[in-house]
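The structure under discussion appears below in the form of structure tokens.
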Amino acid sequence: MATRDAVLGYGAAGAVFLALWEAAPRLGWVDERLLPPFSDVAAALGAMAATATFWQQVQLTLLETLTAFAIALPLGALLGVLVQESRLASLIFKPLIFFVFSIPKSIFLPIFILILGIAFWQKVAFGVFSTVFIVMMTTFSAVESVREDQLRVARSLDASTMQKILFVYLPSMTPVLLEAVRVAMIFNFTGILLAEMYASREGIGNAIGVWGLGFQIKELLAMVLFVSVLAIGFNEAIRYVEAKCEHWRN
Amino acid sequence: MSLVGPDHPAADAGKTLEVRDLDHTYSVNGKTTQALKDIAFDVSAGRFLSIVGPSGCGKSSLLMMLAGLLTPSEGVIAVGGRPLTKPDPTRVGVVFQDASLFPWLTARRNVEFPLFLRGVDKALRREKAEEALALVGLERFADSLPHELSGGMKQRVSIARGLVQDPPILLMDEPFAALDEQTRITMGDELLRIWEKARKTIVFVTHGLSEAIYLSDEVLVLSGRPGRILDRVVIDLPRPRSLDMMAQPRFAELREAIWHMIKA
Amino acid sequence: MTQVPRGRDASAGMSLETKARICRYAIIAAVIAAWEIVPRLGLVPRLFLPSLSSTLAVLAAQSGDFAIQMLVTLQEVAMALVFACGFGILFGLWVGSTLTVRKALLPVVSALFAVPLVVLYPLFTAWFGIGSASKVVFASVYGLLPTVLGTAAGAQTIDRQLTQAARSMGATRLQQILWVTLPASVPTVLASFRLGGALVIVGVVVAEMMMSSAGIGFLLSKYRTQLNSPGVFAAIILILALAIGFDLAVQAIERRWTAGGGRNKAARRPADMS
Amino acid sequence: ADTIRIGLSTKAWFPSFVAELTQQQGFFTKHDVKAELTVYQSGSEALTAIAAGAADLMSSNPSIVGEGREAGVNVKMVAMLATRNFGWQIMVPPKSGIKTVAELAKRKVGITSAGSNTDLLASWVKKKYAIDFIAIPVGGAGLVPNLISGNLDAVVIYPPLSYQVALDGNGRVLTDFSDEMPPHLEAGWAADDDYAAKHKDALKRALTALFEGVAYIKANPDAVIPQLAKYDGVSVEVAKQEYASTFGHLSDDGAMTRELVQETLNLYANGKKELDAAALFDGSFTPVAITR
Amino acid sequence: MSLVGPDHPAADAGKTLEVRDLDHTYSVNGKTTQALKDIAFDVSAGRFLSIVGPSGCGKSSLLMMLAGLLTPSEGVIAVGGRPLTKPDPTRVGVVFQDASLFPWLTARRNVEFPLFLRGVDKALRREKAEEALALVGLERFADSLPHELSGGMKQRVSIARGLVQDPPILLMDEPFAALDEQTRITMGDELLRIWEKARKTIVFVTHGLSEAIYLSDEVLVLSGRPGRILDRVVIDLPRPRSLDMMAQPRFAELREAIWHMIKA
């Protein structure tokens, strides 16, 4: 039921979007040079997908993204719960975390290069850095949404801290937390792309950066299209997990 | 009887409850509300004690303290001769006034939850939970989520969750309030049966005087806020109890007596 | 809900807060000291981290210029905040509290959010011009989606009984959102507001960094290209100041909310887990 | 083999292709060096990489080197590639009424970013023509879109994008900096001082390889042009133009003179204090002798 | 009596309630639970009707439908001759089974809330709220937040919130369940007094049979799930009622009759 609604929603939105994209340049609403029609971009994507380099780049970027995600999410969630759970820690760290969060992360890229060079782990580290704060901040609000009466039941059963986290906090926070996962994924992905655009030998971000500089707009949009599909794919994967979780929560 | 003395040697060790010089005052933003005053009583092992008193007199607060969930402003609480400072489900189990079910768990899993926390194995957990659910007449709703249940059904799940823990002392805060009379009586009888079999100590908060008398060995009557002990009425009706006892003059007499105490 | 209080009494809060403040200041002091000492000892190249004093010197020397650019950024941030957070929160509450809308719209919204916007910024300017408008639009979109998603998730967790009660009293959809869903999801809404606000700041600065001839981000990017790292860090300090200012504003809102008798406490849980 | 990490200041700048081709033709291997090529977003990022110890050699010019040294990054020019800004142009929309550089006064002119090469060129034009216009940083990726959309009156643009834009009819050349500016050290290689000191021999061999690459490029237009087109992602037409205007004029041996360095500093002196030209280059690696 | 006929001409227009051929089945994930079956009844203007029945038989569901909060699977509901499809507080007010107070509002503001929604001006709102709070005996707790109140006190705030709306028809779902007997009787008498004065139509769900008989003109008795109407018992005790009526044989007779219906 929910899936069908989602598919319908997607289908409709997607179709309208693509139709607009195709029509706008063709009918002269926008300059074709600034927004080539969808079919042209799709053709460019097709041509790209036929090359081996393309898939190597995609593979690398994906690997970086997933590695960074696998580190940032548990780390951020755990730190988030720990900070929120201690009144002292939350008073001390929450403002500081917020301030770091409000600085554009890209200005720290040179420091990452300084410490880690420009290889795989630099991208991963920067991905983690771009993600961990937002995960923590969302975790704070997730923890705050847990209800006192439910917690009281667990207390009356003398549940250990770990048990309370696993069996009361976590399920109760799930909607907010899953949102955090989704948001985190995006930050993570953007972080990796930025790091690749800034300095790298390969990867999707590198390709996008280069095409931008050369005004190769079809290729650029083709890659953006691909990246978007990829990101939406991630998003759906998380939604799938969400559905599973719903099960597990029960 | 010493408060912090050695464990009772008998099999009933751990089933006694002692409360001494207990006072409690809430303070919120500088505004204080005295909820309880000069509370002292004890319940010997295996007794069924009811607490009655006007709304807002501190019954729930008292129960929360007996459960170790609320620290009294003053006074000591001891269970089985040892002081109680934090929740300990192996000594004391609680059924809350609001059902307080986990909305993401089915009725069955809500009931299984305390056992799950203790690491009881799956099959046994399930068996016990089904037993408890059957006891409250909800076997057919084992797989329903709380929001699919009626008010009374939620409360019954909550009772099942309390029973499944099988603690030597069981605290119950108006567990039957959301039930119709028929179910209420059935469940009361069920509770008595379990109590008699397992010789638990039960502290039962209710606002039904008949219910209190019908179920209890003793009834603790509290005054209006701040709650003080007005009297402790021993219910000298024979056991096992049956519905027709309600028609007996002794029953009416006891009811009348308590009623007048509260009304005054 | 419960009539049992939170495990701690309020009087202990004061000293804890002071303690926290002291700790926080100690950390900040340590950072400041390190910022001065580490570059002086030559542990990091000057290019990456100029000493605090040289940074402050630049800040002071060019305070007029910084002030002018800061004003530009402030205006852009303010406008984007209204769009991203104001509209974002209301929209999020609506989406989150309406089942059908949530099912149909939320996937699309979150998918949209998944598109890495940064790479499209050059086209953004072609479409929205190179003035403030493109920055405001970019930052608004950047901050809007997480705000919507966060608020919607928060609205989803609130007690359905409450909206039902309001409905029975004839509350209109808007009244329900404003007077029930919003206050009931205050913790999440405030968190989303924080998040959205921070992202708006980041969005404006990043947009200015990428292309513009004004604003604090423009300065930052200029100094960076010129390898003027004291200038870069001076700009960072100003961005931090912006974030701190915003945080103080959010705190003020929070305080106003919890004033009037500690509202919403009941929906929350105690901070300790003992 | 010794490793040398080469930082390339944007992919579009021609030294990047030289390095790439050298790599492809196996000249590095031939001279027993292992080269790692990394493309950075701009010269300042490549310089940052040197400061971070993530690169040893970079494509550069004395102006960047000078700023680098001021910021505490110890680099020096070690070889020269070109003396003119081939293909760096100011372009206006084809239908624009602006016919001369002087008419740019008070107009909006796009540059990539403040402090970048395009910015320096824009400042130079302002000085030379004694005019004032608003230089607006729009990023490399924003130049053409904003020119097309009419947000900008002109752009300072780099090759091969400039050729591409002219060919597509999206822009008209107002002036070419290779005509406007006197000869100066416009492009070359700069090395980290430490690396140059400790790995003198390796650096020498790497430069030899790079100039062998230059020689190969000059000698084999038919083979190189399609590769250039592919590398830049442009049409063969554009690649041909770039080849003719740029690669035909590259230095054969990388030799530099103090005058050329000084001229660069004069041209790009953006109100900074006087730099000592002699301190910005190290002639001990040139001329590079290529043995065939 | 026509369902969608012209408004009643009398002053009592808007106070009648008609239910026809009502069925309701919940379906959750393909699992269906029939809650109500073949429900048809009507309440004439100014009557006091109680609904009793076993836990889970659909009383709350029925009330939610009467309030326009739940759409029946089948059947029609009309208020004052006009069909009711969505909540309309000017026609029907509700007091919920769980207090459902807004935790961020003080007791007073919770009570003011429905008036606030209607745009009633501040001074008047305050006056009415204080009046209603006084009626339920909570004037001293006007500035307390719900979590500072006991279970029974919360429910009383909820009742005050229902009363302050002053609708021609008032639906109440077990409003006195969390109250002690003393308070319960006082509040019942209060309710009767208001009802007699304002000549409201009241539909009252309860599981207290004595309470139902004591308060009502008629008692609707529902069977266990799926709830059907077993009978509609007219309470022919004279008004005004008083406590000693409970000792009358007619009272016991009525109670016995209903009791047997439910038990069967």
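Note that the chains take the letters A, B, C, D and E in the order they are written out, and that residue 1 is the start of every chain.
The criterion applied here is as follows: a residue touches a chain if its C-beta (ideal position, glycine included) is under 8 Å from a C-beta of that chain, and two chains touch if they have at least 3 such contacts.
Everything quoted here is computed from the prediction, not taken from an experiment.
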Via touching chains, chain A connects to chain E in a minimum step count of 2
Moving step by step through touching chains, the smallest count that connects chain A to chain D is 1
Dominant interface by pair count is A-C
Chain-centre distance (mean CA atoms) for chain B and chain C, in whole Å, is 48
For the pair chain B and chain E, the C-alpha centroid-to-centroid distance in angstrom is 29
The distance between the C-alpha centres of chain D and chain E, rounded to whole Å, is 84
In whole angstrom, the CA-centroid distance of chain A from chain C equals 18
Shared-interface residues of chain D (touching two or more other chains) are 48, 51-52, 139, 141, 145, 148-149
Chain E residues touching 2+ other chains are 98, 145, 147-151
Check: chain A positions touching at least 2 other chains come out as 34, 110, 114, 148-149, 152, 172, 197, 212, 220
Within the complex, chain C is touched by chain E residues 67-69, 87-90, 93-94, 96, 98-106, 113-114, 116-118, 143, 145-151, 154, 165
Per the touch rule, the chain D residues reaching chain C in their complex are 42, 44, 47-48, 51-52, 67-68, 70-73, 108, 113-116, 119, 134-139, 141-142, 145-146, 148-149, 151-152
Seen from chain C, its contact residues with chain A in the complex are 1-2, 4, 6, 13, 16-17, 19-21, 23-24, 27-28, 44-45, 47-49, 100, 103-105, 107-108, 110-111, 113-120, 122-123, 126-127, 146, 149-150, 152-154, 156-157, 185, 187-188, 190-192, 194-195, 198, 201-202, 205-206, 209, 217, 220, 224, 232, 236, 239-240, 242-244, 246-247, 266-273
In the complex, the residues of chain A that touch chain D are 31, 33-34, 110, 113-114, 117-118, 197-201, 206, 209-217, 219-220
The answer for chain A against chain B in the complex is residues 149-150, 152-159, 163, 167-168, 171-172, 174, 249-250
